[in-house]
Structures are given as structure tokens and as C-alpha cells.
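These notes open a run of structures that come right after.
Here subunit A shows up in two complexes: once beside subunit B, once beside subunit C.
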Partner chain A sequence: MAKDRLSEVLERYEAVIGLEIHTELTSLKSKMFCGCPVEFGGEPNTRVCPVCLGLPGALPVPNEAAVEATVLAGLAVNCDIALWSQFHRKQYFYPDMPKDYQISQYDLPFCSGGHLDVEVDGDAVFQRVDRDSEEEYTARIGITRIHLEEDTGKMIHVGGAEGRISGAEKSLVDFNRAGTPLMELVSEPDIRTPEEARRFAQKLRLIMLTLGVSDCSMEEGSMRVDGNISIRLRGEIELGTKSEIKNMNSFKALHDALAYEIVRQADLMDVGERVVQETRHWDVGAKRTSMLRSKEEAHDYRYFPEPDMVPFAFTEEWVESIAQRVPELPDAKRERFMGTWDLPKYDAVVLTSDLAMAGFFEAAVAQTGPARAKSVANTMINDFSAHLNAEGIGVDESPVKPSMLAELVVLVDDGTISGKQAKEVFSAMVKTGEAPAVIVEARNMRQVSDTSAIEAVVDAIIAANPDEVASYRGGKIGLVGWFVGQVMREMRGQGNPKVVNEVLRRKLG
Partner chain B sequence: MIDLSVLSATEIRDGIAGKRFSAREVADAAFARVEALEPSIHAFNQLTPELAEAAADRVDAMVAAGDELPPLAGVPAAIKDNMNLVGTRTTCSSKILASYESVYDCTAVRRLLDAGALPVGKCNLDEFAFGSSTENSAFGVTHNPWDTDRVPGGSSGGSAAAVAAGMATVSLGSDTGGSIRQPGALTGTVAMKPTYGRVSRYGCVAFASSLDQIGPFAHNVRDAALVLNAIAGKDEMDATSVTETVPDFTATLNDGVKGLRVGIVRDMLELEGLDPGIKASVEAAAARYAALGAEVGDVDIPAARHGLSAYYIIGPAEASSNLARFDGIRYGYRVDDATDVLDLYMRSRAEGFGPESIRRIMLGTYALSAGYYDAYYGQAQKARTLIIEDFAKAFESYDVLLTPTSPEVAFKIGEKSTDPLAMYLSDVFTIPLNLAGLPGVSMPCGLSEGLPIGLQVIGRHFDEATMLRAAAALEADLALDMTPSMARGGLDG
Partner chain C sequence: MAISESDVRHVALLARLALTDGQVSSLQTELNSILGHIDELQGLDLADVQPTAHALEVTNSMRPDVVKPCLSRELALRNAPEAEGGAFVIPAMAGAGEDV
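Showing the complex of A and B:
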């Protein structure tokens, strides 16, 4: 329902959306300012030390790998890297924050002034009514900054409904997460539709996965997206009053919450009411946002330079050395897939939208040779993806390995088995994990392409069915299918359909 | 029994190594003095005889095994109660941490004990090191061994009094604006703040992170240098500790001051309110330097007059942040009938902190608030830069600089406790060094009306060696007996 209303609303109003995306640097060995390991879960308060517990006298020592990872991320999204940077303290009281200040960055973030290009196609193109074309488009979304900070602990509220704080009897704190390196990216308010927001977040996630800095799990909270959103009448230059949306724990939630919020704000403005600046919580079950806190409760964070650490002075050479470590990014990989293997854009997009898929594809093509790249792509996009979806597993969890898929493609391509047989082999491969050649051998599925063997069968069939031969020769050429069926039955399905057809047509004359 | 009032750290170590007495006997002598003197001094929040005896037994075992003894083997040492040591409480003389048990060791304390020192106990201080008299303690006032009606200075008053009374041969204090040097002056001890970054701050409960530095108290310059040898050097747990080479600070102590350029900070010496006896004593010390062959002249540090104001912005600003963690959630004092988390925070902190702590937290919070930051914190940082520049200029012409340590000798208990601004003035000569990160040592240079006077010798960044050489030369020349009468002798005859 919201979607229909959304299109209607977006014809009159323009949405102005900026995202704040927190990414935990989960691939690092240790926390931001101490040596405790970075891992998800675990017995509460077991991965802690005096530093991340904020015990009296403990001091933070910055994790250089986290700084490098942040600079790497900044370079991957076209940011400028500050040669002079430092941490600040952001101060507020909350029980999940051991020191009652968070070591973060303020006016001197490591990275600033970047951008990402996101491509939007399909129905969502229509949400962007300022466009004069219905074709897919690319939107450039500015990135204001990326800075580094430490994550907080986690509160566990006991005795209330659904673990919410209201009505809870008591609250417990788990500091295992406290001090986990957390990278915060702030986008410019360049996003105009919920779909652009989703594509931006998805692309950023793919880049972070490519860089190997985080597992980017929205479910486990290692990637958290908040949105700032306001709307204004089309043609209006002044910004409307914004709300900040939290608790969008999936890409779908991000899209749906922003769509909901656009409609909610439009409904208020349509009847002459004002939008109030506030923070709102997305309730995925009820499919609506509700107020979390108003602007009046906003904090004065009293930022000041972190005196326990000296500022960072980087050289151009150092930044260049980090830039050398930026791997091939998704856009470049997609272009390469299209260029090197002549894949259609659709195939390239599907294969490069998942790191493991892309890796699988490249490994398989290395075995089949580039001429069979399209066949590999087809098998992966169809059979392989269907299998992964059916099992609900990731690429690496499948019993089907790149070498097996490559072998299967080659078997079809050189005529050893038919496309139909390939489906059967694929199913068997999924069940047994055996190599295609083994399956083909065991099931005696080897396709017969030998013309003389086929001719012998065809001759026998023609001799045994004089009436049908007469009908065919009398003009009922549709009967060829029936002949093919007879031949194939005789050959227990192993005749090469192409050769069988050819021989039949020749013999039937 | 061993007379700890006359033995230096080296004499104790050598005496143990030469088997003239055991480390255990030294420990017993120290605690005998504690038993006799502590009731009238109250230097300690907690005594640690078990830890001292265990440490003494380790030293004696080394002697028995014929092992080389570390430099401070068997030396009784007292530790300011804002430094963590497993097996002790670290209270910061605050109700809010009254029952807080250390779960890790402060690096400087660990290094001191690794050098063989015997931990006598944890010393009283002004709560969280906020003060100059050791009157702002949740556990009572510390008395000056020279006159028990007077304060020992502060905030490291307990560490100073323990050494002055000979209950410990050396001790550790922390200095944010003068908290080692000023009590050093008021108790007639040698008291040093090293260069910022020279000694790790890890494990010392932070007051103002950009100003704090741990340093020693001792009866003489050599002992202070020995302690600095033990505690100095890079610590991976403190990002502001530096990798600068650590020399043997005792190596050049006897090299004299011939040709050394000694600058008297003239504009500080002309400060209104400076005790004339102290001024005369500092001038006399300068004259002795000239007599010893130093080139003595005058220099001004004009920006230092902004020191006090800048310090009372930066110090409280950082303190307000550093003390936020004492919130009653994870450890420390907590009201047991809180209605919600805000109530828990507000009442635990209001009840747990003493008045001076609350005053500084409020000052600092205000100074960092939106709309005031530039006018206060920003300006203070600019003043700090000017002070750094003025000192740098002075050090172009001089190798060390001289000022009084404190504008007055030990004052009466209660005399200033109701007037925070008068109290703040106690640190007018010491604060500029913290703002500039410079090392300074206070050493006795005479008496005024029977009470010790402190001379502050200031060195270049990371040039404690020259500073200590200058102090040692004057110490030898003056040859003062700085043992207060109550602390004289072996006490048990």
C-alpha cells in the first residue's frame, strides 16, 4: 500500500535523504584501543580488560590497523585523506559506555569529500519523477566524511516486553562489544528515493566486503544504517524539517522505513501540520515508525581533543601505500566481466554483486577457458543460484565447487551430455558432491554422437514403421518429433539430439 | 634497629647486598617508624605490610642466592593512592572509590617494585589530586612532619609526608599543576615532575591527561634520580609516553655546574605575595650557583602570568571528562535506592564526590559547553602555546631556570580551605611547567621561620639529567639537614 502512495507522494514532494552508516571493523584482531579480541557474541563480559571497561587509570592506545582500514575505506569511496587528524571525546552518560565518553572524531576525521555512484533500474526509476526518461540512471551520492570511533557495550533489559527498556525490571550490560572499532560514514543529503538509499547501502556493503574490513552483517549489527529524511514540495529550495530513523536492520527495512516516513511526512503536510524534528524507531513488525526522542532531548556532547593520544600526522607516501592496497572494486570488476568475457550487463551485475559468486565464476572460467564464460555464467545464474536459494546457503557452503561446475559446462559444450542431462547431473552433484564425470560414468549417461551408431537405430526405426514414414513423406513433417522420440527411447536417451535430428531428416528425405 | 632517617636508597641496597642487614629488617624498621609517627601524620590511606614483607623476602632470597640486587632492592617506598597496585585499594581519597580494589598494576608502580622497592602503603591525597594541602580527602587531613598543625602541601601530601618523616625512603606522587613539587617544598624533600611523556601514566587515575605526570619524592637528588631511572621509558599501554632514550640519571650528578647557564626567572620572583624569606633564599641559591662557576643571569617568562587561568580551564575541562566514568554503574559508590538510571547517576555522584571535585567537574563541564568552548578552552590552549614559546626562548640562553616552588612555606591546616582561589595560588610557579610539559625538581634551599623552602629547578624537555646535575651541585654545596625533629633518630633508641 505504502508503495503506491509513495509514487503518488513523490510526484508532489521531493524527499531529501542522508544516511549515517556505522560499520564495525570485524575483520580486525583487536579492539580499537586495547588488545581484546573482536568477535561477535560470547559469554557476557568475557572479552574485556581494564581499558575497554574504563577502569580507573586505564588508557587507550589506538589500533593502527583500524586507522589503516578506515583510510582504505575512504580511498575506496573517493575520499580525501587528512594528513593531520585526531580523536575527540564525545561526552554523554549511558550505562553501555564504560568511560561515559566515546572516543570518536569531530572536526578532523580521517576521510572526507568522497562519493559513490549508484545505478537505479526497474520500477524504482519512476520514483525519481524529476527525470525525463524512464531508462535506468546513475545517481552520484556525496560522502561527507568517514571517521573512526569505538563501539559501546550492549544493554540487556530483563523482565519487560520483547527486551525493550520500558517495563523492564532490571538492565544488564555486556561490554564484550565495547571498544570494537567502528567506522562511521556520513553521506551528503543527495539521496532522493528509498531505492537510491537501498542501492547506496548495498553498494557500500559490497565495497566493505571487497576491502575485507568487515563482515557487514546488518542482522548482527556489524553494519547499522540510520537515515535523516525530510521532504519538500517539488520546486521548493528550502529544506523541510527532518526526522532521524533508527533500527533499520535490513536493506528491505531501510527501503520500507524511508518509504513509510516520506508518506507520513506528506500526510502531515497535506493537512497543514508541521513535521517535528525527532528521532524515530522503525518497527519492522508493525511496518511503521514511532517517536524515540524529540530534539529537545538532544545532547551537548562537549567534544574536545582526546588528550590521551597524540594527533596523527600522515605523509602523502603513507596514504599512497594504503591506496596501493585497494583491491579491484565492484564497478571495475563488473566492467571487466563485461569486457574480458563479453558477458551481458545483467550477467555481470548478478555475478559481481556477491564476492563469493564472482570468485566462483572466475575460478570456473579459469578451468573452462574464456570461450565458455557465457555457459558458466548461465549455469551459475540459473541452476547454481536456484540451488543456493533452495538450500538457503552461501556459495562457500555448497557441495558444488568451481571445478565441478566447470567440468559440467565442458561436458555439455563438447557434446558428451545434453543440456537436459546436465540438469540431472547438477541435481546429482548437489546431492552426492561427486564430480560430473563420475556421475555421467556411473549413470552411463554418456551421449552418443557417433553418426553410424545413430544411423543404425534410425534405419531400424524406419524399417519398423512404414506407415509413419509414408505419412511423413506425404507431408506430415511434424512427425519428425515422434521419430526422434522413438530413436531416443531406443537409445535410452543417450543419443545426441542434434545428430539424431540430422540423421532422421536425411534418411526420411 | 636500622635508622631509616639517615640511610639513602643506595645505602640501603648496598647494606642488604653486603649482608649488614636484611631487607626484612628494613621493612620492619619502616613499619616501626610508621607505628610511631603515622598517628600524628596520617600519610597513609592503607598500609601494605604483607606486600612489603613478601617483596623483602624476595630480595633476601636473592641475597641468599648470590644474585645481583636491582638498584632499589629493599628500599621502602610509598605510593600515592591514585595509582593501581593489585592487592590494594585505589581510592583517590574519595568516597566514590573508597572500596575500589585494583585489578591491575600501574606501570610506574610495577617498575618501581620490579627495581626491588618495598611497598609500604598507599598515600593520602587531595581527592582525585584536586588541591594543594591534602585537606580535600575523604579520609582526613595529612599533617606536615615539620609542624603537625600545618599542611604538607598537596595533592601528593601523603607521599611527601611519608618521606619527610622517614616512613618511606622514596615515594611516588603525581603532578598535574605542582602536586609533587609544592608538597616537596613544604616538607623539605626532593620532589620531581619529569618531562611529560617520560613516565607512563598507565594505571594512575587521570586528573588532567595532558598535564599529569608521575614522579618521585626522596631525601636527596640521587635517590630521586634512581627512582626516575626505574620508572622512566616508553610503555606500550600509554600512547603519550615517548620512546626517547632514558639515560642513567645518576651518571652525571657529580659533574658540577661550571659553565652551566642558570637563569633566574625574574618576573616570577617579583610576583606580589611571594614570601620575602623565600625570595631571599632563592636569590641566595642563585648566588651559590655563581660561586660554583655557573653563568647566572635573569630571564622573563611573561606568558606564565596566564598560567593559572589557563590551567583552571584545561585542568577542570579534562578532569570533568576523566571523572565521568565514576558513575556507580560498574564499580565504586552507588546509591542503593535509585529510582532510575538518571537518579542513580546524579545521587551516586553527588554523594560520592567531595566539594572540590564537584567544583572542578562543574567548572570543566561549563568550559567545554556549546557556545563557551572557544572563549574558554580555545583561549586556554592559546595561552598554553604562548607559555611553551616563552620557555623555549628562555632555553635558548639558559640550560636550567630557577624559580621558587611555592610562594609560601607550609600554611596552617584550615587556613585556606574555605578560600579556593587563595589555595589555587599555591601552584602559581609550578603550573607553567605542566602547561609546557617541562621537567622541574623542587629541592630544599633553606628554612623560613623553621619551615622548609623549596627551590624549583627547571630543565629542557627530556633533559632531566642536566636539571638533576644542577640540583645535586647545589644540594652538595648547601649541605642542609632537612630531617624534621620528630623524625630524627632510630626512634626506638
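Showing the complex of A and C:
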């Protein structure tokens, strides 16, 4: 979709967006209410038992670590933790849920009333046309609640179009995922632009990764984002009719689906039609949403307290003990990177937006010393990131280790090799996995900074080129570059450019 | 609070029960008789009583995060009317929605 179409629509309409984000607690060993292992994939129905198959008489018992992880997540996003809470049954019929009800939470969730501050910068600032400034801004997004529930099984629909259920001849059900501990976070409808939605989801993902409760893989479905979105004319207070968007399986899909939906709803309202309350499916290939079901079929879940489980009574002391386990969160880490090593905000944001990146940086700086932190940051943000992107790999998969990058930074910093040579060493390091010093030695790349050695070469060049020397002294100052080139060629590129320059100017001048 | 005929039909639909008109009528009578007992409770002064979902004075019953043996797949699928490739087979669903 053309960006200008979205901005044209946003000039007239304001979007009101709330997100529902499901996160599987993949770091746990066992399922929510039984001892079956939590894993991804595998042969169908090999991680099931009477509890997660919903067999009569089976007794579900909550996983203590899942409850703790949910409270930990709630504390990390500024929620209040309920001292009295319980599970409820949510009744609906669907074959991926063998009990015909899902054990979830209703009016007494573990966490409620939190918020996240979301920074928006760059081009996407334009989406907030109500803001006069093009400066970056921070939006505070309320978090209504976080509750804990069990995930469903997985279905494969056979014989229908695109694996969709409509038109399928039959469906195959695999309950391996059924009963996986699943956290559902519901945001307040405080989000105003697709970019804010994306930043919110990204920040939440980074927090969950930092807490170590989930691998948050949007591809594998361990983090799933649904959106509720309506639009209203600017200045209008009353909310418009909302649609719910599902199947947004990446941050880009989240952004694009919401942007599409804003324009779709505006197109309807512009011609006097009304938006229908319905659930819509994002088709990433076609780049459009389509109706999944209308709200006339809306479910009547008939929640009631789960009779198989007793309530939870937490003490303030217990909540405090969980709060002690909240690690350094992304915002604090970014501030620390800026404060401790005097890094610009941009560098700190890039380095702390990925846990492995941040860990790599800290390990490398521990070796180079804090004075070279900026050089480490530069090398990571430029060469290292380019290498990761080119190979399509993560930080931990690279042959380049923190000690190697640190060594390279020191070699440049102490003048052993030039910045240009460092690029070559980096490329070799990526290919061979060898340490920089080994590469420098093997390729005889050691930079010559010794003044007397350079002086000897400079003298020879000056003696061999009397015409150029005369021109230079006659005022063609620009010829110094030509002389540098001659000296460097003579020294096979190993002269320290700074020293070469300095010696040349002295001798020529 | 009395249950109407349409309440009975609505709940039956949600529970996927196909009731005859006669069953709707008799269930309406039975359900209203059960609710009649609840009405007796409404007469009590319960202002100081917390809503109670459990008769037991027990809270925080949880299990440690420990893996236990699963069922074999053969056993898991034994009662399934139809299985294919290790999965339970579900017949085509008309007008089915999708939910998570």
C-alpha cells in the first residue's frame, strides 16, 4: 500500500487500536496442567496424556513455574498483581480443544493495570499527524491485563483452499501443543498508528526474551498478535465499529495489516457505508484482510470458576520475591549503555534491541576496555551487522566471537593495522574463523608506523619525482594525495596513513 | 429469575444439543425448579460473605515444573473413531469459525 494513501487517510481519521498478544511459555519444561513436555513440532500426538487430551476424570494441576512466569511478566510491564485470583472455564466447541472448554482466567486474572512506554522515531513519526513535530516521541500504552491459560492443539485442514477450514473435507488434529502454558496480554485501546502497534509488540517481545519466559517466535507461533481496530473522524469522541484482525505473523504483517485496515475502513466511511463488526484474516500474500466471521456468530463463553482448581492467594512478600527476579529490562539496559560507555542513543538502541547483540558488546568491551567501547560499537553496528544480515544468521551463529572483534578493534586502535585493513581482516575472519592477529601475521599486513622506515621511503619518492616536488612547492598542494599514493604503493599499503601524511608534509614543505 | 423457553433453546444451541419441543418444555420446568432453590439463598443476608467458588479452605495448589511420562500414541488414539498419520481425524465442519 502506498504510504501517502495511509497518511492522507490519517489526516482525516484517527485509528484506535488495541492488541491481544499470546505468548507461549516455551522456556518451561512441562505443560500448564500436566507433566507432558513443552516442545515445538514433533510427531503428532506424542506429547499427550489424559489431562491435555481432556479425558474424563483427569485432574489438571497448575504448573507453579507458569504462574510465577506470568507474575514476573506482569511486574516487568508495571502491572498490579492480584493477591486473590483463580482460573475459569471458557466454553466453546472447537476440535482443537478436547475438553470443549479452555481453562483460562476471567474476572480475576493474575496481572492488571500496567503500561509500556513506546518510542517512535524515524519516518513512521508521520503517522501521528495530530502531532505538530516530526521529532521522535514516546507513547504510553496501557496494559489492561495479563492472564494465564492453556494453548490449543493444532489442526491441519485437508482438501480446502490454502489450508483454511472452510471447504475442507476433513481436519487432522495434533494435541502436542494442547495445554502449553499460554500468557495472554490485552492492551488498552491506546495505540493510534500501525507503527506504534509494531513498536509495542517489538518491545514486549524483547521484554519477554529478557525475562527468559519464551522464545517469542512469531514464525513458530509462540508469540501471536491479534488486533482490534476502529477509526473515527478526527475530533470525534465516540468510538467507531471495530474489526478484529488475526493471522499477523510478523511485525511487518502487524504493521501492514493495520495500515490496510485503516484505509479499508476509511474507504467504507467515505462513501457513507458502515463498518461491520467482524473478525478478519490477514492474507500476507495478497496483502489484504478478508472476513473470517461476523460478530453475529460471536461466542457466548459462559465462564464459570474452574471447579477442578482452588483459588490463588498470594502475599505481598511472595510478589516481592518474584519482583526481585526481574532482570535488567531493555529501557534500563539502553540507559546503562549510554551512561557507562558514553554511547550515542542510536548505538545504544541498536545494541540493546537484541539480547545476543548486547551480550556480545559487553563481552567485547570487557576485553578492549571502556575507552574503546565506541570503536566496538561502530564495528558491531557496521561490519558485524552487515555480515549477520548478509549471511542471514543470528549473533550466536557467527564465526566471529566477542574476543575476535575486540582483538580487531585493539589492532586498529594501537596502529598495528589501518581501518581499511581492518575491513579486510574482518572479511577473512568471517571466512576462516581465525583470530585477527593470526590473519594479520599470515598476510603480513602489519602496518608500518615506524617514522624512520617511512622517512626512508618518502625520501626515495621525493628524489625520484623532482617535477612533482617542484609543482607542489609551487602551490599545487593537492599533489600531496598523489605522493601518499606513491608511498603507500611502495609500502604495499602497510604504511600508517597518518604517519605517511605527516612525514610527507614535513619533507615537502 | 425464571428461565424462558428461548433461554433453554439458546443454551441447547451453545451445548450443541438437539432438543425436541417436549424436551425443551420439560427442561425449562426442571431448570426453573433448580433455580427456585437458588432463590431461597437470595433471601439470606450475605453482605459479609465473599463469593465462594470452592467449599474447601485450600489455596495455591500447584505442581512443580517437572516432566512426567506421556501416553503412547497408540493408547492416545485408541478411542478415536478415526485416525490418520498419528492424528485424530475430524469430519468436515459446516460453517465452522476459527478461534484461538
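To be clear about the criterion, the second predicted complex is superposed on the first by the 507 of 509 C-alpha atoms of A that agree within 3 Å, B and C clash if a C-alpha of one lies under 4 Å from a C-alpha of the other, contacts with A are read in each partner's own complex, and residues count from 1 in each chain.
Please note the rule applied: a residue touches a chain if its C-beta (ideal position, glycine included) is under 8 Å from a C-beta of that chain, and two chains touch if they have at least 3 such contacts.
Please read these numbers as outputs of a predicted model, since none were measured by experiment.
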Which superposed partner A:173 touches (first subunit B, second subunit C, both, neither): both
Which superposed partner A:310 touches (first subunit B, second subunit C, both, neither): both
Which superposed partner A:270 touches (first subunit B, second subunit C, both, neither): neither
Partner with the higher number of touched subunit A residues, subunit C or subunit B: C
Partner chain in contact with A:22 - subunit B first, subunit C second, else both or neither: second
Which superposed partner A:91 touches (first subunit B, second subunit C, both, neither): both
Touched partner set for A:99, first subunit B, second subunit C, both or neither: first
Contacts of A:53 with subunit B and subunit C, given as first, second, both or neither: both
Subunit B versus subunit C as contact partner of A:62, first or second or both or neither: both
Set of subunit A residues, in rising order, touched by both subunit B and subunit C: 50, 53, 61-62, 91, 93, 95, 171, 173, 300, 302, 307, 309-310
Complex contact set, residues of subunit A against subunit C: 22, 28-30, 34-37, 43-50, 53, 61-67, 86, 91-95, 152, 155-156, 165-166, 168-175, 224, 226, 246, 279, 281, 292-293, 297, 299-300, 302, 305, 307, 309-314
Of all residues in subunit C, those that touch subunit A in their complex: 10, 14, 16, 53-54, 56, 58-71, 73, 76-77, 84-93, 96-100
Complex interface listing, subunit A residues touching subunit B: 50-51, 53-62, 89, 91, 93, 95, 98-101, 171, 173, 300, 302-304, 307-310
Parts of subunit B lying in touch with subunit A, wherever the complex brings them together: 82-84, 90, 92, 97, 100, 103-104, 106, 201-206, 208-210, 236-240, 317-318, 321, 324-327, 329-331, 341, 345, 365, 368-370, 373, 377
